[in-house]
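Sending over a structure as structure tokens; questions will come in a sec.
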Amino acid sequence: MYRKEIQVTTSHEGDILDITHQVREIVRESGINEGIAHVFVAGSTAALTTIEYEPGVLADLSRALSTIAPDSIPYAHDRRWGDGNGRSHVRASIVGPSLSLPVADHDLLLGTWQQVVLLELDVRKGRSRTIFVSVID
Amino acid sequence: MYRKEIQVTTSHEGDILDITHQVREIVRESGINEGIAHVFVAGSTAALTTIEYEPGVLADLSRALSTIAPDSIPYAHDRRWGDGNGRSHVRASIVGPSLSLPVADHDLLLGTWQQVVLLELDVRKGRSRTIFVSVID
Amino acid sequence: MYRKEIQVTTSHEGDILDITHQVREIVRESGINEGIAHVFVAGSTAALTTIEYEPGVLADLSRALSTIAPDSIPYAHDRRWGDGNGRSHVRASIVGPSLSLPVADHDLLLGTWQQVVLLELDVRKGRSRTIFVSVID
């Protein structure tokens, strides 16, 4: 088992960061040839998934998340806590915080157009995010 | 590898149970210092995710799931089987039955406001649910 | 660690394939008694989840995915690339490409009505799909 953290700073709500390169680097450093890489974001207003990292698709994904949890409706969370991020929590829980990827020959097995991304869903600008990568053989 | 089951009884459709404490206990019992904890709910009308366990957010999440699969529309599953839980199956498949969490120092690595939850999505009251927790190093 | 690929050909957008039997076979072949089976689809327009494999539920799930990312609206991805599969990318990212399942007694621990499925979300007919199954103890 080999674990390392990725630290990133996101810039705004809806920011989507391609972290594939950092995950690949950790896999290489681990020295593990065959196994799985588990990726997890700490926090309840961010999520992880894979996507083709192309600006059009990223905009389309953001719009779909707004369909599930619109910006314009009232949230019970916001009434209680005044954070204004009720929609962020909902979107994050539906997409999910964890992702596992196959590792072969010291690298990730991904589709050609498939990148690993962090979705920043919180409304607070300039958030620091910690992502844990665990490589297991 | 160490595995243990969590047995819970849910009370109603939309019930959301915080199982973080039980998962943490199993991690501690496992004696595994560093690794991952894999959590899985058996059954096709329940799901697992992480969320801030606060009544406002939980209500907001339930409403979002009703946007994806509304209560009020007809379901092909219900026409065939008369279970009345077509929406439950759909919501469960989109959120998903599995979750993996990093383990360090005999504990889960989670965000401060991030809890592990079981979503009861079935319409049948008083359902018993089995959750498998596998700790791997 | 034991890994094997499943190769399938899907027939159309919205095709849902039950791959439970193939995953079970790989678990058996692995000789691993207790552990987890990690399943991952390479590609950014397909997804994995569990569901009751019954035609009514499958149709209900497809309709819900059309609520999240409708067929009828314009997609930024399609404007840029003309693929016509902007909705496919969005749906795939929300459901997700990875799934982990508990293994006990050389078999998967699943609910009675819970099958492992591949969702073909791309618009291109007759796509070949590669699914990686990694069994870890």
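Going by the order they are written in, the chains are A, B and C; count residues from 1 in each one.
Everything below uses one rule, namely that a residue touches a chain if its C-beta (ideal position, glycine included) is under 8 Å from a C-beta of that chain, and two chains touch if they have at least 3 such contacts.
Small disclaimer: the values here were computed from a predicted structure and weren't measured.
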item	value
Homomeric contact chain A-chain C: same or different residue positions, threshold half	different
Chain A on chain B, rotation in degrees - Cα superposition, rounded to nearest 5	120
Length of the line joining the C-alpha centres of chain A and chain C, rounded to whole Å	19
Contacts with two or more other chains, residues of chain A listed in rising order	67-68, 94, 96, 100, 136
Residues of chain A defined as touching chain C within the complex	34-36, 49-52, 54-57, 59-61, 64-65, 67-68, 94-96, 99-102, 104, 109-111, 113-114, 136-137
Chain B contact footprint on chain A (complex, rising order)	1, 3, 38, 40, 42-44, 67-69, 75-81, 86-87, 89-94, 96-98, 100, 132, 134, 136
